[in-house]
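Can you keep this structure in mind? I'll have questions shortly.
The first chain written gets the first letter, and so on, giving A, B, C and D; residue counts start at 1 in each chain.
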Amino acid sequence: MPARVHDTRVIAREERAPGVMMVTIQAPALSAAVFPGQFVMAELPSGCAAAVALAIYDAYDDIVSLLFFITGPRTRELAALAAGDSLALLGPLGNGFDLRDAPADVAIAAGGVGIASVLLPARELVRRRSRVRLFYGARSAALLVERERFVQAGCEVTLATEDGSEGLRGYVTDALEASAPAKLLLACGPTPMLRAVAQIATRTRVPAQLCLEETFGCGVGGCWGCVVPVAATSPRAPRFPSNEAGISYARICREGPVFMAEELRW
Amino acid sequence: MVSAEDARDVDLSVRIGGLRLRYPTMMGSGCYGSGEEFARFADLARIGAIVLKSVTRLPRLGNPMPRIVHTPSGMLNAIGLQNPGIDWYLEHEIGKLAERPCAIIGSVAGFSVGEYVEVTQRLAERPEIDAIELNVSCPNVASEGETFACDSRATSEVVSAARAATRKPLIVKLSPNVTDITVIAREAESAGADALAVINTVRGMAIDVERARPRLGNVAGGLSGPAIRPIAVLAVYEAARAVRIPIIGQGGIASLSDALEFFLAGASAIGIGTANFTDPRVPERIVDGLAEHLAGQGARSISEIVGRANVGFADVHQYEGDAG
Amino acid sequence: MVSAEDARDVDLSVRIGGLRLRYPTMMGSGCYGSGEEFARFADLARIGAIVLKSVTRLPRLGNPMPRIVHTPSGMLNAIGLQNPGIDWYLEHEIGKLAERPCAIIGSVAGFSVGEYVEVTQRLAERPEIDAIELNVSCPNVASEGETFACDSRATSEVVSAARAATRKPLIVKLSPNVTDITVIAREAESAGADALAVINTVRGMAIDVERARPRLGNVAGGLSGPAIRPIAVLAVYEAARAVRIPIIGQGGIASLSDALEFFLAGASAIGIGTANFTDPRVPERIVDGLAEHLAGQGARSISEIVGRANVGFADVHQYEGDAG
Amino acid sequence: MPARVHDTRVIAREERAPGVMMVTIQAPALSAAVFPGQFVMAELPSGCAAAVALAIYDAYDDIVSLLFFITGPRTRELAALAAGDSLALLGPLGNGFDLRDAPADVAIAAGGVGIASVLLPARELVRRRSRVRLFYGARSAALLVERERFVQAGCEVTLATEDGSEGLRGYVTDALEASAPAKLLLACGPTPMLRAVAQIATRTRVPAQLCLEETFGCGVGGCWGCVVPVAATSPRAPRFPSNEAGISYARICREGPVFMAEELRW
């Protein structure tokens, strides 16, 4: 089903950790349409600023849930939504993870809020009998929200915190590197983490799909505000003339947000 | 109460040079792609025109990331005119525009008068293009950091040259980053513009205080959205007093009431850019709202309210409000 | 964690010409009365300076109402320099300033060079006044609708004349409503200014769509508040590259993070105006926040971060972000 | 007690009519300090716009309540406050009604949201044994919120609606005019209504105290954004040189918001 504007209603709002919100929404058509790795643009009630890009964290029955950090005025406004409030969501948007192969052994690396993009692919892979190992890192224990849902979904969960307050001390990529290579790597998190994942993928020759983030303008491909350099030969490169170095700028919102590590030229 | 029929009878059409738009709403250049990107969320048959992303003679990769920063009631952008260049554009992109159910306006940017002329001519030749908008608020390599639209002689030159290159309607898009917009507006009019688009973005920047460096890859960018609306309304109000050609008012329009401010200030049509990022249903809501509002006032066409609040200025002593 | 002592050790003082302020925060002219109005809500001993409401030679009743309109993340004002004139001011008002526990900066406005000189001289003579700010962004009757700060020759003339009239520190307040603020900044510097205040309000207006007329009694006004912050940060960034004298950055500062943007862009001190209407505790919060932030970075004084994010511009092609 | 910033907590929020909100606040010091006719500047949680001037509608025990119409973005933000939220209020501000005399027979005219400024003076006058007649008008019946509280306070209440849906059909000033003149008139409401009240006062030679409204900047006298022309001879005229016509501009927030009808030159 094509993306469209969904007029939805908030069912519940919960602060899962200081500054980390989970908003549960009644949105049957959206829930039915979503593909793992897709996102929505959540429209602000005040109408004074651009909509906010948020991963579709979970989707089941007629429910969709969003999991987000309060990082600025727009997410603060979304965090003020209460049960019963209406909320317009544009979506589902973007190309999700390519899960056609579903190899036997998949590793997923999630850093911080990146966790919001990987529940749906994890669940889909488990359903299709992949072994799924989740490597989940955050600054400290309190921010490791939602690990139970992954256990319930059938993932093997390894935790890492920068301050050592839970799981391994260090970056989630340290944990990933210390483990046996999988057949496929999925990752979502801050850019430095994704760069590290891409290096691990290259070194271990495991294909990696990275879910990127950037500050979005439109979220639908209309403004070219969210690009990332890719090889002009990549299937996701816009069919535009590339520069002398063979680089094109692809839109994260339209050609992504998921890219193969090897096509990126960042 | 206003009946649906009354609202339907209101004439919202507007004329820009020889071009008639069914609705007075134009999607701002650079904000609406080529229309295809938004066609899933908005009914293109219910908008007046799409102004395409600006095209240059040569392909441009655009600025480094980040290209967008959100600010209070607005956003900064520094895309840097990423576009495939006119050759590729004509060969691969333009054909797709034929089926759009609204007018299509090509936007031209350049770094010299020659570039403007070439791109204007080649774009305007194509039947898919109904009019040309000159984005003269973009970098002019000849004089450091200045833009054509910041210099009245340069504006005059580039508009005259583009005028000679096409008979299709010619819109000149003005920058607000000038001491007196009426000077540039008059130059553009006498050089042959059929309409003025007022305003492009306002120059601004933001700094990442944690990393102590500019947030935008390009350092400076253009501010758009509701934050700049008061600046844009004044620019339209002043330009409308200075010229006789129609003005397409834009800058922060997100609601019916915002749109009315621009018409009342003297705009014949409006541009909607950033509000599409807030909610792609805004343009349709505005058109519906306009029809209903005008019907409620017993007006038969949008032209009846154009400039109705433009009563001039108090007196010279009190002109500059920022004297505070 | 930053200890309270570390924060207390940080030197927040700043020098403007010969004047040393204990804190780098100045309350914007016209926004803070004479300080008395806010003394109930804020500790004046914890701010750097109050810039008084601008004074003119003759009394002025100011503009008709309404004088204020709220806009997205900002407000428009058109007060019109209501003030009792310099005679009355010196006789009845100025004495009350002696007991203020912070620096007092007189603001001078006028309609001719002669007026500026007279008011500057008479105000600066008084011991209650620590420095003079020239509000040259106010109406210049000699040339329709223009202001001194929009014309580099006029700026130069008025600043030179005021410079000759006093040896107290002289601050020149610049208007953002110009094509290139660096030209005016350089003129003001070479004419003898000790510091620049960047920026005054941005010209704008709003229309009452129900009554189809301008909202402000004066039609046009000045936009202030968070909406203009990106415009102000860029103006400071550019001016700081153009001159060597200190810059007092202002426009939409409402939080520690906002304040840091201005220091990092190149401001030596900051002005806080409209944010006092949001919450009069803002100036004190910013001072506390600055001390803690600097201590956290191991910095000993505010001067260490001034201009730290001012890395210049990308290149001429990509300078104008509004090329979009 | 002098005005200051009060850090308060919202106890309850209620929508009394479509777009009319009542917010009840725990604010002991403010409640104790308020004088009838004073107002507060309510600070917005987002911090992106100037505080909003609101009359202190009611004050008892450690409670203060605000009654306001949602007319724009700032009041919409205040209307989103929920029980438990914190709210900073600057006040009490301005000079209230002059109730020193408390004549035997007082008429109060309130139009629309003007009702928010007249409960406290009504109650004070009743306490001091004045007969208090309230003339209360609105566009239609639904907007005549809070009339019971005035009845409970001991006022005789006459209602008027423009559409005739309740009470007299017409303006509240029509109702006032049709009644026997009182010894003192208090009024709060839109400017055209206050002008009409001033005319009635002149004609019937009853002193009238008008509580004015304007768009405020600072609310504390610092910006000169809220002036009204007054006779230079008025005690509330700023001690500034007046113009040739003997007119001065007084600040509504500082010299007002209550002015004697005869001193206004509007």
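A few notes on this one:
By our rule, a contact is a pair of C-beta atoms (placed from the backbone, for glycine too) under 8 Å apart; a residue touches a chain by one contact, two chains touch by 3 or more.
Since this is a predicted model, take the numbers as computed values, not measurements.
Centre-to-centre, using mean CA coordinates, subunit A is 52 Å away from subunit D.
In whole angstrom, the spacing between the mean C-alpha positions of subunit B and subunit D is 44. Distance between subunit B and subunit C, defined via averaged C-alpha coordinates, is recorded as 32 Å. Distance between chain centres (mean CA atoms), subunit C to subunit D: 35 Å. Counting partner chains per residue, subunit B has residues 30, 69, 72-74, 77, 79, 225-226 touching two or more of them. Shown for subunit D are the residues that touch two or more other chains, namely 48, 73. Contacts between chains close into a ring here, every chain touching precisely two others. Under the contact rule defined at the top, the touching pairs of chains are A-B, A-D, B-C, C-D.
Subunit D contributes residues 46, 48, 73, 76-77, 80, 82 to its touches with subunit A in the complex. Within the complex, the subunit B residues that touch subunit C are 29-30, 54, 63-64, 69, 71-74, 76-81, 109, 111, 135, 137-139, 141, 144-147, 150, 175, 177-180, 200-209, 212-214, 216-223, 225-231, 233-234, 237, 252, 257, 260-261, 264-265, 305, 308-309, 311-314, 316-324. Residue ranges on subunit C touching subunit D, taken from their complex, read 30-33, 37-38, 40-41, 53, 59, 61-62, 65-70, 72-75, 77, 79, 82-85, 88, 92, 225-226, 254-255, 274, 276-281.
By the touch criterion given at the top, residues 2-5, 41, 43-44, 47-51, 72-74, 88, 90, 214-228, 239-241, 243, 247-249, 254 of subunit A touch subunit B in their complex.
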